[in-house]
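Quick one: the structure is below, questions incoming.
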Amino acid sequence: MAWTWFHRLASPPHIYRTAGRLTPWLAWPAALLIVAGLIGGLYLAPPDYQQGDGYRIMYVHAPSAWLSLMVYTIMAVAGGIGLIWRMKVAHAVAAASAPIGASFTLATLVTGSLWGKPMWGTYWAWDPRLTSELILFFMYLGYMGLRAAFEDVQRADRISAVLAVVGLVDVPIVHYSVVWWNSLHQGPSVMYLGKPTMPPSMLVPLLIMFLGFTLFFGAVLMMRLRGEVLLRERTATWVREAIRT
Amino acid sequence: MNEIAAQAPTEPLLMSQSRHAPSSLAVARLMLLRDLKLASRKASQLVQPLAFFAIVITLFPLAVTPELPKLRHIAPGVVWAAALLSSLLALEFLFRDDAQDGTLEQYALSGRSLTGLLVAKTAAHWLLTGLPLALMAPLAGAALGIPNAALPGVLASVTVGTVTLSLIGAVGAALTLGVRRAGALLSLLTLPLEIPVLIFGARAMKLAIAAQPYGAPLTLLAGLAVLGVTLAPLAVSAAVRINLE
Amino acid sequence: MSSFHSFYGFLDMGGYAPFVWPAYAVTFTVMGLNIYWAKRLLRRARQAARRRIAVQEETHLAGPTEEPSV
Amino acid sequence: MSDSTLKGENVHLWRGERHVLRGVHFSVSAGQCLQLTGPNGAGKTTLLRTVCCLSYPEEGRISWRGADVRADLPAFHAQLAYLGHEPPLKMELTARENLQYWVGVRRRLSQAAVDASLDRVGATRWADRPVRTLSAGQKRRAALAGLTLMRVPLWLLDEPTTNLDTEGQRLVGRLIDEHLAEGGLAIAAVHHELTVSAQGLRRLELQL
């Protein structure tokens, strides 16, 4: 049966070991890519003809924003899988993702507002993207708050998974309603270099950063995942072996 | 002592659900009637969110300005923010009483669709809190200087919007059913999800005040309500089941 | 190749230094914290597992519990 | 019905760090009452809640008439009645109203059937008073009326004699006896021995 390999793959000891083995393979490329992206973005890329060197905030802001959304999606999908197939490992992925996603959402907000000051003349404008990002941050806080409210890990896993799935349905609605709202109020919206013809010297470092941040998330996720998997095991003998090292 | 001599049972044990079970519609009706009857026996719980709504509305003329033309300008925001907050207040007793006295558990074990029963409960909740709120909204609007011609628009937007508020609120109430002092957490969970309602609702009201057609945002509000009716009950029953564990 | 003429020019970021550098600092602080938190979580989970196993071994020595059955 | 058997095989359940149910086996057939005993915290309530699928065992299987109960949960629930520690009654409603809304979602109720069940537990005189005004023993009796009114084969009772006087405790025994005689089955968690006729009684002792 196809299910046997699937279950073996998703078994806590296998995940624990694989995550441990995978961590350096994600962490080192992430570090290299981020350093390369930094050199490319901060040093090699030319200044923007409108925003000068201020646009260079994009190289950390945009990948953070990407992570904030991607991680929420992963969290909700993992939670949904855990809910349907009662897979502890999936819940562990969701639990491990939440703080990472929340912290990058916060980074997005701070870098966005730092970018906003030279562009708009104010640290905070009710720009649709930043506003959606702020709401996303509240959703992360709610998710983690709900998790923390339950002492029993199993129940916290299942309850928060329901919230994450509901949130996943709601995130696009919130986003489009906020964009719609903003279009009525003619808010400032020059945040992104939305031009399709970004020169390669600008674009390549950005793409490198996207990849680097994603791998970084993968590495941190693997580390947290090992901890979360251990927290969910009670008597398994493999834990004895695993913690000896 | 009462005469309780062994009397032969009048009917055989029901070995299957079959023909003895009332229809789903009858069950939903029974549940609705039950909640209405219960509410009628403790009316103070119903009055409190309405009083809260009135007080919040009263704060704004005192805090901002008593000049009606200026109040009219912020009226949509004030009415909607107050509606959101008072609907939140009313959520506390949506499932909690039934969970505490064990009746919710009995419904979960009744062999009937828990989703259906909870939809009926949510409908009762809307009738008892959402609808009165909607009926009060034109009064509040008039007090804030909204012209009489715009009051039907106020009524329509709050009526449609509170349906979604009740549904999202039911999800929040179900998620936090097992949490002791859930007030702050409940608002952190539900308010971000309710932002689209706020945006479309306030927009519809604003257009109504400006004597412009407000059909578009009202349609969007109705769309949210339809989406809520189809998806929220699933999340509610999943969350209730997990919290009953 | 570079877009800056001097190291000072690089630090100055064309006058945007007060915004660019804090933005990078915040991002990399967040990254550092993430690594630290992850390591701390793993360490604590291991400690908890160790404690749990110790307790289990203790109760096991006290005598295995009978499997209740009819 | 000879195949009306409820079986639990190797049921394991943890509550946080605690391994509450450690491989519980049991089997109850039509006409039998399984009496669960054991000290506080041994898992009597947990076992009852696991049997009615309010809790999810991490290992093991519970089957009813040979099929896993989770295969068709609504059908299984339609055949069981669970009475927890507290009588599941709304304080603001009368005993009679409570029965209507509680049992009414399961089966169509005739006035006569409701009256008969209330009469059976000696509740006729106070059936129309709000439950809030009743004594703990009277509430327990009202809950027992609901139990008999359901007419389901499988009873799961958690301390059914709590708050009852001696006469009430005998009533519980009689109700169970009659239920067994009709081909029903019951599992009851108890502290005091039930006054049930011996031939249908089986015992399961849970340990801490």
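Going in written order, the chains are labelled A, B, C and D, and every chain counts its residues from 1.
Please note the rule applied: a residue touches a chain if its C-beta (ideal position, glycine included) is under 8 Å from a C-beta of that chain, and two chains touch if they have at least 3 such contacts.
All of these numbers come straight from a predicted model, not from anything done at the bench.
S.K.: Counting C-beta pairs in contact, which comes out ahead: B-D or A-D?
M.R.: B-D
S.K.: Quick one: most central chain, C-alpha centroids?
M.R.: That would be B.
S.K.: Rounded to the nearest whole Å, what is the centre-to-centre distance of subunit C and subunit D, using the mean of the C-alpha atoms as each centre?
M.R.: 49
S.K.: Taking each chain's centre as its mean C-alpha position, how far apart are subunit B and subunit C in Å?
M.R.: 41
S.K.: Any idea how many Å lie between the Cα centroids of subunit B and subunit D?
M.R.: Computed value for the inter-centroid distance: 34 Å.
S.K.: Give the residues of subunit B touching no fewer than two other chains, as numbers and ranges.
M.R.: 245
S.K.: In subunit D, which residues are in touch with two or more of the other chains?
M.R.: Correct list: 17, 56.
S.K.: Enumerate the residues of subunit C that touch no fewer than two other chains.
M.R.: Residue numbers touching two or more other chains: 52.
S.K.: Which stretch or stretches of subunit D touch subunit B in the complex?
M.R.: Touching subunit B from subunit D are residues 1, 4, 52, 54-56, 74-80, 82, 84, 86-93, 97, 100-102, 104-108, 113, 116, 119-122, 124, 150-153, 167, 171, 174, 178, 182-184.
S.K.: In the complex of these two chains, what residues of subunit A are touching subunit B?
M.R.: Touching subunit B from subunit A are residues 83, 135, 138-139, 141-142, 145-146, 149-150, 155, 158-159, 162-163, 165-167, 169-170, 173-174, 177-178, 180-181, 184.
S.K.: For subunit A, which residues are in contact with subunit C within the complex?
M.R.: Touch list, subunit A to subunit C: 42-47, 52-54, 56-57, 60-61, 64, 99-100, 103-104, 106-107, 110-111, 114-115, 117-118, 216, 220, 223-224, 226-228, 230-231, 233-235, 239-240, 242-243.
S.K.: Please name which positions on subunit A make contact with subunit D in the complex.
M.R.: Residue list for subunit A touching subunit D: 86, 151-153, 234-235.
S.K.: In their shared complex, at which residues does subunit C touch subunit A?
M.R.: It is residues 1-4, 10, 13-16, 19-20, 22-24, 26-27, 30-31, 33-35, 37-39, 41-46, 48-50, 52-53, 56 of subunit C that touch subunit A.
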